[in-house]
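Each in structure tokens, the structures are laid out below.
Shared between the two complexes below is chain A, which has chain B as its partner in the first and chain C in the second.
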Partner chain A sequence: MNKTLILSALIAGSLTGSALAQTELSLWYHGAGSANAEEALVNQLVEEFNASQSDWTVVIETFPQLAYNDAVGAAALAGKLPDILDVDGPVMPNWAWANYMQPLGIDESTLEGYLPGPIGRWNGEVYSVGLWDAAVALTTRRSTLEKYGIRIPTLETPWTLDEFNSALETIKASGDFEYPLDLGMAWKGEWYPYAFSPFLQSFGGDIVDRDSYQSAEGILNGDEALAFGEWWQSLFTNGYVPGTSQDSADRETGLLEGKYAMSWNGNWAALPVVEAFGDDVLFLPAPDFGNGSKIGAASWQFGISGTSEHPEGARAFIEFALQDKWFAAFSDGTGLIPVTASAAEATENYKPGGPLEVFYGLSKEQALLRPVTPGYIVQAKVFEKALADIANGADVADTLDAAADEINEDIENNGGYGH
Partner chain B sequence: MASKLTRSNRAGWLMASPGIALIAAFIILPFFLAFTFSLTNQRLASPNPTKYVGFENYRDLLGLAYFTLEPERDDAGAVVRSADGDIKYPRLRNFTRNNPDYPNLQGKREWFSWQSGENRKVVLASDVVFMKALVNTITFVVVVAPVQAGLALILALLINQKLRGISLFRAVYFMPVVVSIVVVSLLWRFIYSPGDGLLNNLLSALTFGAFTPQDWLGNPSTALGSIIAMSIWQGVGFHMVIWLSGLQTISPTLYEAAQIEGSSKWQTFRYVTWPGLRNTAILILIVITMQAFALFAQIEVMTQGGPLDSTQVLVFQAFERGYGKQDISGGSTISVILFIIVLSVSLLQRWLTREKK
Partner chain C sequence: MMAAVSADNRGLRLATRYAVLLLVAIIFVFPLLFMAMSSLKPDQQLLSDTDSLRAFLPVGDISFNNYFAAFERAPIGVFVFNSVLVTGITVVLTILVCSLAGFAFVFLDWTGRGVVFSILLATLIIPYETIFIPLLLMASQLPWIGTEGIEIGWLNTYRVQIIPFIADGLSIFLFVQFFKDLPRELIEASRVEGASWWFIYRRVVMPLSGPVIATAAILKFLFMYNQYLWPLMVVQAEEIRPVMVGLGYFTDQLNVPWGEVMAYLTIITIPVLAFYLSLQRVFIASVASTGVKG
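Now for the complex of A and B:
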């Protein structure tokens, strides 16, 4: 008698429990131990979402960035992907193609007025959306440029190739700096394609043909790309920029210490420069090498995993995150660019007159996504090696030929990557 | 059949089984998988089905061609020379790219070349990076194996004495072995830092400023040498300990006898110590060779194979392709080739150092 009572009580308890229980959704996030407020804000976002409705409970699991992509790959092989994935913009097409992800299925009208970078599209469908974007600018000081009589460029009339070269030459000739320009060659990996492929695109070349995504022949080694390559090599042979063996500490502090006159750097590194130089700081647009100024776009974004059993829950979470309130909060916490103009107005740094306002304009006017193809992962590595080799004195045409061959071979080995 | 291994030895097998299972799961199975993958187009992540491709991966890595480049000639047939008298040659890319007359050169790149009269002889490879990695790896092994073994022996002889505080020296020499190779590599990157790095500062101080600072890791002619020097320093303590254990197995009575016979220090080493170290020497040679072929962490942390492929090595390439470029089949192929090389070298060493009866 006693036993049956307990048993029925247990059954009743578990039944009511499951009736009340919210469905758990897992979320993987790449920024464990990040230096700024990003991780805390993601946690806050999850808490507020869980409190805002009663159907879903998002459970967050954080990874260090270096191990994150590997963890996702391993989980996909083991069939243990979470419901909601955090994905780096240029990597998304690869994951979508490999069925790690499924289309978001959100109403695209909600994405109106967004910067182009944070929207991740593949095969005509939106797979991921970011809560922020990043931008790169030539960081320098007004006083430096005025001292050498160099015109201060604007978003409308950026430097031309000749102007840029002569500015570098003038500063170099003064002997006041170790190098006129710091490109950040110490930052290996994704920095190279992110920061430098827009130069190539401004010259008129590209990493791969964006119409078909089937070939790099004539694109990465065409006349425009060769012109870019020769110019790129001249930066190093003329001693305008430190080479691939640059000390990473110099990359962090060289501009502040006066070793370099200018630095090609992201907005995430902008606040310390503002603090150090105050009103004297300038964030200049990329030079126009012939086809308009270009900078890279797309940062980390959220998407739904291909194996999620509750895509509607994952979608609800992502829709909850897509609010100006969160864009502004992340921007204030991390210094990154908010994705809408209305959110920008509510931020400290990007509101009209804010110290980083210029980056919003850069991102809006000049941002160009890295090639949107599953093959980008390989193409980025090939491009990185080609640029490093050319910087170290390799023959430009041979190096770019070899890079184009390797990219074509990879596309072929992957059956065209589903384009 | 009834050997010692099988006869009433259940407890022994039971105790060995966890180890055997782990080795089978993480070493033997992956080895066979690597061999299988190398015959397919297996990718790390791809919706496309895996296909059997035979030995195509091996051909892509090992393909070589030889070509004689003739100089450009003007209408009269005379060799065209540039202003400073150098012979002008047509660009190789005219032959290697979409040229139907030379199908065997398609997609190949120049590996190295030399001058022969007016012509230039060129050796082309399907995969120049792999070839450079192969040469660099062999260079690394050929330098590291004897130098590291020799230095370790000298250190072992030095500390195999009964002196006050000798264990302090033992600890100091052994210290780099205990520190993680990744940490050591990071530290040495600072030491080799261009401009005002530690090594540059030290050398200019020692030469009273006569030394011009070098970009040790950024210069193709010094990068591999720098990594060799650092690797020897890091590994020498480990082999010193093995030598030391060998030294201490030599019976003191032999040394006493040698002393009574009035042998010199060199004679003692030559006729007592060295023969006593024979088996240790074989062990050390084989271990260093195998470890040197597996060079990876230093490259990954310090140079990533650069500058200009001067520090590419096989394991780094296998990792870079299999993981970085998601080409598991390509990475597996390099691993299999490396396995065959290491196996042949070890067998050769065993044969050369066999007991001659």
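Now for the complex of A and C:
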């Protein structure tokens, strides 16, 4: 009896010892409460990583997205950052600049063939990598365009500015819809720079000068930007799009209910439209306003915190996640775009002939990262306010001048943000 | 004739008074009614009802689906438990500590009392948010004797949500003002009888202080229950997260499920209403007697 007890104790002790030998890595994730399958998949990824090796145990802590960035900022201040951070792509340069993050240190050849958006690069080094990306498109119905004799644009020959304006005018004149186009003005925050700054960039302007990242003067308020601003305002004054007070329910269902002829929306909202319209649905590329068709890129990514004492463990976790298997699983679970072509082939929606295949091409061909600078988080808010003000009737030149001044002041106050 | 006119006037005054009271009641009740009714409606109906009185009525497609969805989305029970626990302990300790401090300011004679009280009053004009950063740095380095000996850092604990808020200038001020109005004869008589200060505090002063205790408790309860920024900064673990941070579970980057938000808000409002209603009578008596507003 005593021998049995001693043996049991020894076995238990050795098991405990082996468990203790695993070093704990903390991972913070932003998606607490998210309605889709993303959170469950992140948990599954963590579980499989933990089971796949005996050196590391990743422990996940989830935060509501609304509070996530503030929680990270507070933890950085207190020196309590986790080992692995989940970071929104355009925010990454700010966290890298503030030393919240350190370079990943992974073999960059493993990232060959990835879409451009999911690779988070700052100062020549990769700081974060995503398992998916997102893309936006003009969603409409083939029958609608054919009814009004409007050319169906392609990735190679998108609409020009004149064609786009003409299409809007034609649909407006028909009186068949409340509005020809839904831009998603009911959505606020990051939607504005993500969805609308590519229009500005296609006009030839930008939020900030990408050569130096030291000024917005002449870029956000230059001739091209003014042309963009005037056009942007005309969308509202001509009654082509709902304004900033758009009902969020209309944003969700306006296209399906026939209130809008077209909708500027992301791939995450595409499947219900496919289900409703079937083969009649069209996902069209952004118009080319003079400098090529452009759409936003970069979603949430994983990186290593600047204070992690176990970067090799964090790196091992991220490398484990960078497999087609996971890209496909996340894509199938959430509807987002897998980051490699080989993973896309293994998905339900992005495989050749899949209902969302077009989004992979859009992401590959048209994606333009939002300004890769630590100042972006301020610039995004300034840009959002300027666009909302112009939509509500503010003077275009004055508004863009003020926005450029505000961005320049912020850059100056932060010593140029390390560029 | 005179009697009839007088009766008419009284009736008119009464009707006017009730009309005004009804109007005020409607203004105060409508937001709560809107919240509760909206929590029963699907999002699209909820939003379309907002331009009519239907927003305040249980009409249309009514169900508890938003409640089921809300409970599925977030561990609401955990959040409510945490908030009630943190708030409850803080309120009890605040009443104890601040009443003792107020007692010392009013009844004990000690050097520097006036200066210390002035400094205390000065803290009333400092918004909490302005001291959160240094407080955070301090809390992250403070020692604590735990089950495994001395630990460094209070972050991610219940105590970091409680201890910094126990003593506050406003509660001490309320107790001081109230204690000043208590008959000095009671205290002097007790001293003559040989009662200790602790006995006087416990058996003479506190039993007479129901109104100020209720006032301080309600104010502290509301402050603690509505805490957002501080727990957001110091708490990372979901199992000790309070209700206001939990509200973030109901918004993502682009969409807000308004029905679920309303269901969540309705649920988390219940403890506040219950607490307020249980102390309402004493609170109103306190407001009437001290002029302190909640």
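Here is the rule we go by: the second predicted complex is superposed on the first by the 400 of 419 C-alpha atoms of A that agree within 3 Å, B and C clash if a C-alpha of one lies under 4 Å from a C-alpha of the other, contacts with A are read in each partner's own complex, and residues count from 1 in each chain.
Here is the rule we go by: contacts are C-beta pairs under 8 Å (C-beta built on N, C-alpha and C of every residue); 3 or more make two chains touch, one makes a residue touch a chain.
None of these values were measured; they are calculated from a predicted model.
Asker: For the three-chain model obtained by superposing on chain A, do chain B and chain C clash or fit?
Answerer: clash
Asker: Touch check for A:I152: first (chain B), second (chain C), both, or neither?
Answerer: Neither partner.
Asker: Touching A:L66, do we find chain B (first), chain C (second), both, or neither?
Answerer: After superposing on A, A:L66 lies in contact with chain C but is clear of chain B.
Asker: Which partner does A:K381 contact after superposing on A: first (chain B), second (chain C), both, neither?
Answerer: The first partner, chain B, only.
Asker: Applying the document's definition of touch, where does A:A40 land relative to chain B and chain C: first, second, both, or neither?
Answerer: neither
Asker: Is A:D389 in contact with chain B, with chain C, with both, or with neither (first, second, both, neither)?
Answerer: In the superposed model, A:D389 contacts chain B only, not chain C.
Asker: Is A:A32 touching anything from chain B or chain C once the two structures are fitted on A? First, second, both or neither.
Answerer: second
Asker: Determine, under the contact definition given at the top, whether A:A78 touches first (chain B), second (chain C), both, or neither.
Answerer: Second partner only.
Asker: Look at A:N94 in the shared chain and tell me whether it touches chain B only, chain C only, both, or neither; answer first, second, both or neither.
Answerer: first
Asker: Following superposition on the C-alpha atoms of chain A, which segment of chain B from the set 79-87, 97-105, 169-177 or 223-231 overlaps chain C?
Answerer: Among 79-87, 97-105, 169-177 or 223-231, the clash with chain C belongs to 169-177.
Asker: Identify the overlap between the chain B-contacting and the chain C-contacting residues of chain A.
Answerer: In chain A, residues 70, 77, 247 are touched by chain B and also by chain C.
Asker: Quick one: in the complex, what on chain A touches chain C?
Answerer: Where chain A meets chain C, its residues are 28, 31-35, 61-67, 70-71, 74-75, 77-80, 187, 189-191, 247-249, 252-253.
Asker: Help me check something: in the complex, which residues belonging to chain A touch chain B?
Answerer: 70, 73, 76-77, 94-95, 97-100, 188, 243-245, 247, 377-378, 381, 385, 388-389, 392-394, 397-398, 401-402, 405, 409-410, 413-415, 418
Asker: Show which residues of chain C lie in contact with chain A when the two form their complex.
Answerer: 43-44, 47-48, 73-74, 133, 136-137, 139-140, 153, 155, 229, 232-234, 236-238, 245-258
Asker: Which chain B residues qualify as touching chain A in the complex?
Answerer: 41, 43-48, 91-93, 97, 107, 109-110, 128, 193-195, 197, 215, 217-218, 220, 304, 306-309, 320, 323-327
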